[in-house]
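Each structure below appears as structure tokens.
You will see chain A twice below: alongside chain B first, and alongside chain C after that.
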Partner chain A sequence: MKKINLIIILFAFISLSASAELSINITKGIDNPTKIAIAPLSFYGNQLPEDTSRIIEDNLKRSGLFDPISRKNMLSFPGTIKDIYFRDWKILGAEYLVIGSLILSGDFYEITYSLLEVHSSRLVFTKIAKGSKGQLRDLSHHISDEVYEAITGIEGAFSTKVAYVTSLKSNNKTLYKLMVSDVDGARERLILESNHPIMSPSWSPDAKELVYVSFETGRPAVFRQNLANANRKQLTNFRGLNGAPSWSPDGKKLALVLSKDGNPEIYTFDLRKEKFIRHTNHFAIDTEPNWAPDSKSLVFTSDRGGSPQIYRLTLKNGEVQRLTFRGSYNARPRLASNGRTLVMIHRSAHQFHIATQDLVNGDLRILSNTSLDESPTVSPNSAMLLYATKINNRGVLAAVSLDAGVKFLLPSKQGDVREPAWSPK
Partner chain B sequence: MNILFFTRLTSLILAISLSLILHLVVIYFLFNKWDEGIKIQKVSPPKYLQAKLVNLDEKIKKKIQPKPKPKPKPKPKPKPKPKPKKNNENKIKHKILDEQETKSLQASKQLELENKKIVSSYSAYIIERIEANWNRPPSARRGMESKLLIRLVPTGQVISVKLLKTSGNIAFDRSAEQAVYKVGSFDKLQQLDIQTFEKNFRKLQLVFKPNDLRL
Partner chain C sequence: MKKIYKYSLATIVLSLSLVGCSITKNNSVATMTDDRITTGSIKNNSIQGSTLKTDIKVPRVFYFEFDKVMLSSEARSALRLHAQSLRSNPAKIRLLGHADERGSREYNMALGENRGNVVRDFLIQEGVSSSLIEVISYGEEKAASSGSNEDSWAMNRRVELK
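Up next is the complex of A and B:
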């Protein structure tokens, strides 16, 4: 009996203490960039060809979501978890710490890296990345992706590439180049060089090929080119406009604009059957098609309503629906991979800005404070976008985060840079 | 060999018997104490009133002094007393009790109100500290909600953080935990009297539910 009483009392205490906690609601935050320390990679042997930790640091900083701690302030460079003195990192204000060690086994680099929470002294993860000797940069981008995703909850996009067109004037002649580089601007590679304009590069979903418009035949034509072996193929040779190709996310089709029937209309081109299908039939100009992530509909620009506005075309039934209603000029639509954010050129107060429109709640936001902005392209993780703009009468690329919190310019080495296209994942 | 074993055994017997006796003594006291405790539980009604009576006295003291000791005393002292009083002076006490009952009820109400004020002002302090340290990830969206259980010691220091309910977004949960770890210590809680601390702030539930996000 006594025992039972005791047990009852004990239970009462337990249930009492379980329900008695004060509950406090936290509804606001500050959202400053996260302070992160990336300790230099520890390794034995010769100097590495790339400073991996520096690349990671620059990547994270450029995302605008991180504030890396300067290496010269670090009190130690731990290579393994047992070498970490969390107090040292707390003093520096670091919230997260990345450490890593590299070994060379045969012709392969193997990096063991860890992400740690400084304030709670907890390990978030330890992972291993392997790559050949030439892939140190790829490994750095991969580690950046992993760290970025763990902290932000968004897939990283540091391992992606950007295609763009440069033009350089000399001796009354303009030299056009189609280039591909890492998103940080490193490892620039020439894809095509021409004395005639090159326009509208668009990536295949596997990021192994590009389609673009070249004027080398004397009139605009759409070409498809493999990046690894430089094999290329001309896809269109119609009279008039052949332009604005856009590769569908399922890889099967291109959307493009042709004026072979007299008036610019939206077509799709089946890459396997090599067949064109016309989708719009309107006396107004229909142009700049771009695919929705599900490859079932397109967004495009049309002036059928009297001013350039953005419409959505459902391929199955040919239904056209107007999406933009604010302002007298909305053009060059790009749908982010989340399928919800529409990115476009929006004119307000006689200036052309990059703007986003949320297709669910209709929110319109102007992201850029430069003018004469053009050709926005969204990162595959829908976090950033690149666009072309003019600074001091020179064409440069600029980047802005989709929440407009981060803006920066990507300086070009020479000439004008235009028409960026962010590669898929 | 044999002698050695024998001597060892004798010494062991001594030790064993001693420890046995000690154990028995401890067990005896243990059960005796528990018996008393349970008996006290049975005479609960007068204890109830009596406790409040003492509270009133303490309350007057409280107004003059800060609140370091007020509550811890009343509970242990009044408990043993009610037994004799109930038996002997029951009738005389009754009238006084009735009068004082209303008074003590008012007083306890007021005390409760004051307590509430204290708790809410220190809760506000905790909210302020955490909000100043909560760095939400960009994947945070309106409608997400993480629930944490944190344990504090009277110095205000956080000694444990436990995720009770995930928001479904690991980065979001982590940001909430990080906010608490970043504060590390809610120093102002040292000003609280220990009773209030134990009752309200030893264990805390924190609900992270942003309402200032754009998306």
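Up next is the complex of A and C:
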């Protein structure tokens, strides 16, 4: 029985407030999701500020791979292994059971939790997670990650965050906001508010900073902002486009697009030396660079062949290779962390969908079925992606699993939501 | 942005000759002596809008086809008039390029800039100094019409002269 002590680092931007502006509607799940029971956490004392078990249940449900058993059908609420009557859970059809108990020791919550296989009455693991009083949600996401990984073999991504841009029109004025929330939409935090457009957020690999484009100077410019202390710095101030920043996985550089020399070209910016290097030299549009996981090459959009298509640029020799050939519009590439799955906008029958292309066997797969889909972003475990679309003339975020088996919408209660960026682990 | 409407010297001279043979005051464009007209040169900023206001509304927004950057003939005629005015009275202008919402946002930024550049190049070709012109693309970020249909998209694929 392995015990893991976990102290989650508290970022200043994490607070107790759990008022989620985004809510989740699942529109499609897989055919045979795993039945799992998450028994309510047992504890002594006052009611907890968060329903930990419910958060875990919602996380697993949203992955599409699990069908959590309703709490009201449970026959018992065991807090420890010796309190479990497996028969109670077999009757409900549960394949797995998660139980846990919480104690407050000093200023820390300590949750001891176990995952059990019901049919064989087998203990899969017992683990301990510790966190400060404001971190019940973080603890819940962590437990979700552990359970998800033990059952599916895939690393969980419930502890990650998502950045996105919202816009709200009132009295002929538009208010733009850059927001960050948990990936379930909870704990939404304002990062930047402006009367001028905000675009293209991209995370630092340590998930502590964002780069984005803001028009606050009257022109588009790239800014870097620390999420904990809100320190920000303008990185570019060139004529023309200053856009599409993408932080390298090794943390050292940004890839971005500048048109200061006449038309849009791909550059990298060394964050330590503060030096720009130009990598493309073509009269066509070159834009939307995104890094390969090894930080050695970039994928980008170019219309050098007559229509927007995806290309790969190898940085050490400047070699450019075309990757997409099907369809007359493939744009906004993102490479999944597996380095093999290319995610992009693909036009088919005059509609713009999210598609994946397997870079090894070339398979193209359309994942979305709405018509104005854009800005795909892949979860760090390459299991899901988020994208922006329009439903009833409103900008909303949607999620789909990379195998297209699971789909859900994250509608905003107010205004338009767009440009999701899924944080690294 | 200063709004000074003055489109052609010919128009100016014509209107002055219609007024009669009195002599123009400040900002003289043409001096008249004894019914004879002698054209003078137009100095920078010598013409004030009030004396030369015209009813002609020359379009300041130019529209484009989807994923295209070609100028329409209407846009070209309007831009010729703007060029004439800018040549005779240089003023800094901004060309704000826009795209419709379809496709990717950053690609649309590039498309908006290309449209702005096409308008800029036309004005330069018509004799306007390139130093007066700045192109700023807003991509699809500032739609003129918010609908998701052909009519709205057509309204949004534009360059605004400011």
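Following the convention adopted for this analysis, the second predicted complex is superposed on the first by the 394 of 425 C-alpha atoms of A that agree within 3 Å, B and C clash if a C-alpha of one lies under 4 Å from a C-alpha of the other, contacts with A are read in each partner's own complex, and residues count from 1 in each chain.
Keep this in mind: a contact is a pair of C-beta atoms (placed from the backbone, for glycine too) under 8 Å apart; a residue touches a chain by one contact, two chains touch by 3 or more.
Remember, predicted model here, so these are calculated numbers, not experimental data.
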Chain B versus chain C as contact partner of A:65, first or second or both or neither: first
Chain B versus chain C as contact partner of A:95, first or second or both or neither: first
First (chain B), second (chain C), both or neither touched by A:324: neither
Touched partner set for A:389, first chain B, second chain C, both or neither: neither
Which superposed partner A:285 touches (first chain B, second chain C, both, neither): second
Contacts of A:257 with chain B and chain C, given as first, second, both or neither: second
Touching partner for A:356 - first (chain B), second (chain C), both, neither: neither
Residue ranges of chain A touching chain C (in the complex, touch as defined): 169, 174, 197, 199-200, 215, 218-220, 239-241, 243-244, 257, 259, 263-264, 285, 287-288, 301, 308, 329, 331-332, 345, 347, 352, 372, 374-375, 390, 393, 418-419
Residues on chain C engaged by chain A in the complex (per definition of touch): 101-107, 109-111, 113-114, 117, 134-139, 141-142, 146-148
Residues of chain A that touch chain B when the two form their complex: 2, 5-6, 9, 17, 20-32, 34, 65, 95, 117, 119-120, 124, 150-154, 358, 363, 383, 403
Chain A-facing residues of chain B, complex: 34-35, 38, 41, 119, 123, 126-127, 130-140, 149, 161, 169-172, 174-179, 181-182, 184, 199-201, 203-212, 214-215
